[in-house]
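Note that subunit A is present in both complexes that follow, paired respectively with subunit B and with subunit C.
Presenting the complex of A and B:
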């Protein structure tokens, strides 16, 4: 009797697992429904009617485009900085042995392990102590700091799987360090970096807590959204933006998943 | 030493600048390490740790009650202020909320993680993984917004409850002291639900990682020896999954401790630590008190991480 049970899950477990996943997904589906509602003043359910009108209205809104454009620029530059710094750090930690390696891992993780509000207020007070005015670059400074860990985690995991003998072989065959990096290391860690970069982009694109402290007058898309949540001006436009944000953030996640899913089969590890 | 010298005797064709640079780095691993580690360490050390230390230092200053200016003299007065009734209430309230959110997250996450670790195979494994990752990574504000739609008085939850003829139950719940309120979206219950929703996904993957390491034959052995499923769970599965639960709870606990946006949008007017920090540094302009408030989550998380480390939770991350 009992050994049968291990073949298929107990009914109660199935229900609990399915219920948990539904709990996670139904609220997001609701966002899709509300983007089409004709109701303007409240969150009435069921929607009195469905319309595509608000997509056109949102398309015409300059403030939404400005916020989106700022978010894209911030996320791109933060991702690039994080890619460089995260990869360097991962290379150092995984390719060499030195005193204090553990501390470095902790230092990299700290910006996301501590609540975002601490990072935010620390940066804000540092900017004001140093008389740095809030700008595009102060936002980037904050974002890059907590994006490093995402790239770092992906790169470290991949570095661990790239066999050291591959690099030695390359050196033995006469390649210098730069050639080895270009032709051996980069192709091996490339997809992990791409995945880390996508996740960093998604993280920065969505960040709101640190940005409220480092952003000054300009609003990124999440800041725009937060203002709409606190003081709704035109709810249907917020509904449409919310749906677009869900779709836009799903793409890098799916991309990162497909890039790293076959990560176990790496050249040089099959021995 | 001789190995390196030997290698050099063989490789002679590296006359180019790039070749010489890379040979130099190979022979001086410390220089190489400095070049690798320098930029990230400078960035994190100056921008992040520097600001953090500057903030912590400010918690030892105080604010002049009359002029509203910061008094740059070492004092513990600001910390004493933390312990007055109103502020202490905020701290206790936040810790309690973080603890309850963590507990419920573990209860909801466990079956998902267990199913994914033990029963899901092939396609279903991928579906479970993405099913957890997509909500985990999707926009924080959109998730909160979704719950504003759900919990609003005219929203889907009230509609559903009315259809099921359970409106009296919802009203009875809302009339309870402390956890009730005018509607779910302005009550502690609402804050709690949204906290669980937003942070629970962070609990699933560490538990799943811990459970995947539990050999199936341990569970079979337990039932062969006459253990009921409840006993197997209590004496075999749960202890082995505990490091994963603790690892996941680091996220749920820490993220709830510092959040100020969820209770601001969905919640009553009673403050959490994050909101207190935000209010103190913003409208009140009292950076020292704000800084002292941030020390609370830092200390709690420091203790928490230390305990988690002792329980071996970091291996499950």
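Presenting the complex of A and C:
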């Protein structure tokens, strides 16, 4: 019976599933709804009227664009750093044996297990000890710490499934290190890197805690939203931005999901 | 004539482990050379030293007269058929076979033609569009062979290539490999732990144990005149007689090997040595019977033709064999 996918679920289970989904997504729908409200000081229910004017208002606000542009740059650069370092780390840990390999593997994953506030405080004290002024790069460094983990995790899982003899076979057939990377390694781990990169981008894009410690006076998009909630001014603008953030982060996560789902067929070894 | 592969006092140590220890060997051009031994005996490490995946800790390696130490795998005129075949899962069969030509910069049409010819040679014409995952184990093995041979290597290295195949397919591939080697005239160096495979295919065999070559010779030499107890034990299932027992037979007190099939049950012919013993057990193997006989406390295996009559368990029995079949061995293990 268990393998019978067409069998209908019991009624109680359907209710539970629907309840779970509502709990997760109803607040999101409310955010979307108030992006269209005509009232700007408080969120009364139901909204007195619906309008599209906040989209135009948001479009005109320079501070939104500034924050958005900073977030996109931070997320892009952190993801790129993470892609390079995370892949190198994963390659070293999965393809070679050396003293302290297990320890390094654990240390790389640790930053994502640590509460963001610890990472933030640690980075902040490190920056102030080293007399590094807050800048774009301090935010990038903070974000890279957890972006590396995401890339590393994706890459290491894929590396494990790519048989080591593939690389030897490539060399044996006359390919040098660069050709082996380009024709054998990259095609086999490419989707894992893309998925890891997308997740890293999404994580960085809505990161608040580490950014508050390493950003100084700069506002990334999530920080800007937090400030808007405290000092309300044209409140629905925040909702419009929230909608955009949801869409911008949801698309890469969806992409990552589809890319890694088919991973089994891509990385099956020659056994 | 220059040797195809020459090892001079080659060692490869991993920390305290002497995977390969002071090995000398010379593989002749056009030879089918087998490296036989149990797992961990150093045979695969020797193959990897030839391929360039390992570098020797000490000693000197030449491939067709050219020094091989320090030369990376991609600059050696040898190719390998891997134990797990190592086909590239993201490439089609044709792209797999053409890979070596592609990285060397051959034109697209030229490499397609060469790859198709190679596939036809291993009896897989028209399989080019498939993916490795869609082929059976035997077919992947042939693709791996075609992928190596398309580069026209001077030496083809095969790492237990038949290990993953079932018995029938293995026998068929043995024949094919042998005839392929003859028609191409390429030097084959073949690693196996299966003594039957080594005996039936190779021109010469190097028997490995503990990182050293125990014996190097033709299959017949290795089988009939094992130099050490290890070789006698590993190649075939020889009886190894202790020195005291051998002394009683009137020979020098050394370990000696005696092939089970060289012994007959009952007295037969003149001038043969005769032993009295008791049948311990017997088993029917199809073409023959294996009879375990105990003589003066020493167990002796006898391979007797299926047609011969076999005494029952516990019965007294006479064994006879020719003195020349008793082969004395060196004292070293």
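Here is the rule we go by: the second predicted complex is superposed on the first by the 255 of 271 C-alpha atoms of A that agree within 3 Å, B and C clash if a C-alpha of one lies under 4 Å from a C-alpha of the other, contacts with A are read in each partner's own complex, and residues count from 1 in each chain.
Just so we're on the same page, a residue touches a chain if its C-beta (ideal position, glycine included) is under 8 Å from a C-beta of that chain, and two chains touch if they have at least 3 such contacts.
On a predicted model such as this, the values are computed, not experimentally measured, just so you know.
By the touch criterion stated above, A:166 is placed in contact with subunit C alone, subunit B being left untouched. The larger set of touched subunit A residues comes from B, when the choice is between subunit B and subunit C.
Of the two partner chains placed by superposition, only subunit B is touched by A:254; subunit C is not. In the superposition on chain A, A:65 makes contact with neither subunit B nor subunit C.
In the superposed model, A:104 makes contact with subunit B only, not with subunit C. Of the two partner chains, subunit B and subunit C are each touched by A:174. Residue contacts after overlaying the shared chain place A:183 against subunit C, while subunit B stays out of touching range.
Common to the subunit B and subunit C interfaces on subunit A are residues 171, 174, 176, 179. Those residues of subunit B lying in contact with subunit A across their complex are 11, 13-14, 16, 18-19, 21-23, 25-26, 29, 32-33, 36-37, 39-41, 43-45, 47-52, 54-55, 58, 108-109, 111-112, 114-116, 118-119, 126, 128-135, 137-150, 152, 154-156, 158-159, 197, 200-201, 216, 219-220, 223-224, 229, 250, 254-255, 257-261, 264-265, 274, 277-278, 281, 287, 290-291, 294, 297-298, 301, 305.
Subunit A meets subunit C in the complex at residues 163, 165-166, 168-176, 179, 183-184, 187-188, 265-271. Against subunit B, in their complex, subunit A makes its touches with residues 2-3, 5-6, 8-10, 13-14, 16-17, 19-21, 23-25, 27-28, 30-31, 34, 42-46, 81, 84-86, 88-89, 91-92, 96, 98, 104, 107-108, 110-111, 113-119, 121-126, 129, 141, 144-145, 148, 171, 174, 176-180, 199, 202, 206, 208-209, 222, 225-226, 229-230, 238, 242, 245-246, 249-250, 253-254, 257, 261.
Contact residues on subunit C toward subunit A in their complex (touch as defined above): 51-53, 72-74, 78-80, 82-90, 99-100, 102-104, 132-133, 140, 147-148, 151.
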